[in-house]
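Structure, as structure tokens:
For reference, chains read A, B and C in written order, and residue numbers begin at 1 within each chain.
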Amino acid sequence: MIKKALALIVLVLLTSGCAQTAYWTMTDDVNRVVKSTSFQMSVPEGWVRTTKPVTWERIEIDGEPQTILLESMAVTRDGTGIHAITVTRHYPDTSFPTIKRKSVANMLPPEVADLYVSELRKRSGLERLKVLSNKPAKVNGKPAFRLVMQYKNEDGLRIRIVSYGFVDKTGFYTINYRAPYLYYYKRDYKKFTSVVRSFKQLKSADDPPPEIPAWAKLFT
Amino acid sequence: MIIRKFTFLAALILASTLSFTVHAASTPHWVHYTLLQSNPRLPKKVVVLPVNIEVLEVTAGGVKEEVPAWSAEASKNVLKSLSIAIKKDPTIQEVRAPRFSKKATAAVDEHMALYKLVVNTASNIGWQHKIRRFDYGIGPGLTSLRQKTGADAAIMVYGRDHVSTAGRKAKAVAGNIPIINIFTGPPPKLGHSYIHIGVVDLRTGDLLWMNSEYREGASNLRDYDDANEIIAAIFEWYPGIEKYRKVYVQ
Amino acid sequence: MRNVFYFMLLSLFVGGCATTGGVTSFSNAEDTGNLHEKERRLWHEAAGFDDTIARSDQLYENKQATVYLQNVMDRLYPEFKGKIRVYIYDSTELNAFALPNGSVYFNLGLLARIQNEAQLAAVMAHEAAHFIEKHSFKQRVSTKNSAAFALSGIPFASLAAASSISGFSRDLEREADAKGYERLVKAGYNPREAHKVFQHLADEVDALGLEEPYFFSSHPALVERINEFKHLSSNYKGKGRIGSKSYNRVISPLRLEALHKDIGQDRYKSVILVMEDGKMRRYYPSASYYYLGEAYSRRDEKGDNSKALKAYRTAVKKSPKFAPAYMRLGMHYMKTGSKKKARYYFKKYLSLAPKDARDRGYVEHYLKSL
């Protein structure tokens, strides 16, 4: 009970006005290059991006809530409810947390793509997420996959997801684009590919993964 | 009178609204930035797309059940009230909606689904630059409707009505009476009506204008007068260009 | 004021005491046109659920299989032809459910586990009995004001409660067993097959430790069906139809599809369980060994790598025209440095895989690099 109450307090503090910096930042000439801890990329001008990387996520594994550490940045033009480009790094031990698989540097892109699709299906509850294509690609010079996926929401709207992903010894990286297939998908697809092209890993990617902080343990 | 922009998918949009949120909007409606320029091209002819208002009956235990006959009645009232509201505005004229083929119905339905997603996000976005330059849309996928009807814009509506059963109303009364409420529990929330209306440019798909109204308590869309009053309240702000400019842009 | 108080008391009393008395079951298709107002609401809700399923791509489209299932249903309930509609629900979870408006959904996963037409008919007769006996309506009336039903604002949850996704009360389930059993025998099926399907499911639920919120994935519910059907068929002396050939001719391709989806959803335990069970495996096409290989590879326990390789090789041997196994073998040899073998398997894959095969791009890419 006390644990739950503490967790609630932490959550409220994190999501309320106590945050020192704005969650979202408008991108302009000055801040188009977004630097996370271990990667950077250029984002479209006039869009909105997360000011700081998100460093943890709350997920359900076998029905039990868990907190995992990751590094993630999001960019959107119209709001994440409609569309978003998300760049995420999962650490090797929790690369595919819901299906409980780790990433290993010598995994081939089609193997990683299969695990990623299973992870997405299980984590999001999108059992019928369809894979429309799965092709080899390169991200930051590394062999990667390029997946095109689609599902329909309850109102029958087609939502398309394009994911580029690769693994190396520092973890599993994905660059995702999600948008309604009608209008939005085509409108911003080129912008997404330019984000993919601009993606670079930073030297700090080689640093050991952080320890899960004490407050995050309250959630598990 | 003024109903604040209704938080429809609060949880979904929470992340979007954190920080730089504009508090206490002074106008309830939204106007596309192209209409804020000099000599805006306002639509002259409009076509109203099929209206489906879902009326749910809520029991004392909180069970919600759609009543098809009530939904049909409410939809009819809203459609009729819309026609009256359009007639009252000398700048617009309603044209008859065509009969849609199966394929066309599927296309309209998917655009309606996109419209819902877009307005739910747009209504809650809270980013100043998006409010100042409101540039949402659903794309030009419905241009064939313009060719078919000659309409410049489509009016898209969605809404719902929650009506309490007599048992729920009684529980609400009992819930407010000390001692008795020990047995009945706290009073449940009574019904509400919600309508969202948008005007979409059929050439570009731009969401030119939108507004919504949320009422708690006794209002009931099956009652023609109630429906008429709600629609009139929404259209009171159409197009409201100057008001919008004054509050958000200048 | 006093009147208001009496009205309040009466409303609270009436609200809390709804009964199912007076609900009569359908006797034929014409009856379905004569619905009580409250029942009509439930049908409307069910029709909305049908629409949601169809427009959000949750139907598994296979005309031959759907027609076959519908024919079995019409054989069981000829007087309801056109009113009870059977659909295949695109899910590998072990479930089937009947909506109050006569739509009966069979999950792909459940169809893959059923072994013959008599077993299918047993589940079907049970599900359709829920519709004919108006169990959804009865359940809704009796639970309408309970707090447990408060989640019903969510359309899916509402129908989940109203249909057999989570199961009906024990009495209603028993009634469906009894009515279903009568139909099974009347339509000429061997009712001794009935308990077997529930037994297979119970074994699987046990072995996998499934905790899905579905009736056919719930161990106590299955044990009760097993006992009920064993009891009902104990005096049966006839030689009813089993229909193994006809069922498996139609369903066999769906089994491959179900395995593919199982792997895609990381249900590798289920694939291993089915494919390691000799009795069950014989119903699966030989290309299924490929999915067994995929399942071992996903499980990734000690020795699973070589088990996976063995399964891929068996797939190639037993189903030489099934392309995906060649790709996996090619990838294995490429990783272990056997370039010649890798080239052989990749080339073989390209010669067999359709032009738009999902993985063609990778194989072409790897062949170039070898």
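FYI, a contact is a pair of C-beta atoms (placed from the backbone, for glycine too) under 8 Å apart; a residue touches a chain by one contact, two chains touch by 3 or more.
Computed from a predicted model, the values in this text were never measured in an experiment.
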Each chain counted as touching chain A and chain B at once: C
Taking each chain's C-alpha mean as its centre, the one farthest from chain B: C
Centre-to-centre distance between chain C and chain A (centres being mean Cα positions), rounded to whole Å: 33
Euclidean distance of C-alpha centroids - chain B vs chain C, Å: 39
In chain A, residues with contacts to at least two other chains: 153, 155-156
Touching two or more other chains - residue numbers and ranges from chain B: 109
Residue list for chain C, restricted to those that touch at least two other chains: 55
In the complex with chain B, residue positions of chain C that touch it: 4, 7-9, 11-12, 14-16, 40-42, 44-45, 48, 55, 144-147, 149-150, 152-153, 158
For the chain B and chain A complex, residues of the former touching the latter: 9, 12-16, 18-20, 109-114, 116-118, 120-122, 124-125, 127, 129-130, 136-141, 205
Chain C-facing residues of chain B, complex: 56, 59-68, 109, 165-171, 173-174, 184
Touching residues on chain C, where the partner in the complex is chain A: 52, 55-58, 90-92, 155, 211, 263-266, 298, 300, 331, 335, 358-359, 361-362, 365
List of chain A residues in touch with chain C within their complex: 63, 99, 101, 106, 108-111, 114, 117-119, 121-122, 127-128, 130-131, 133-136, 151-156
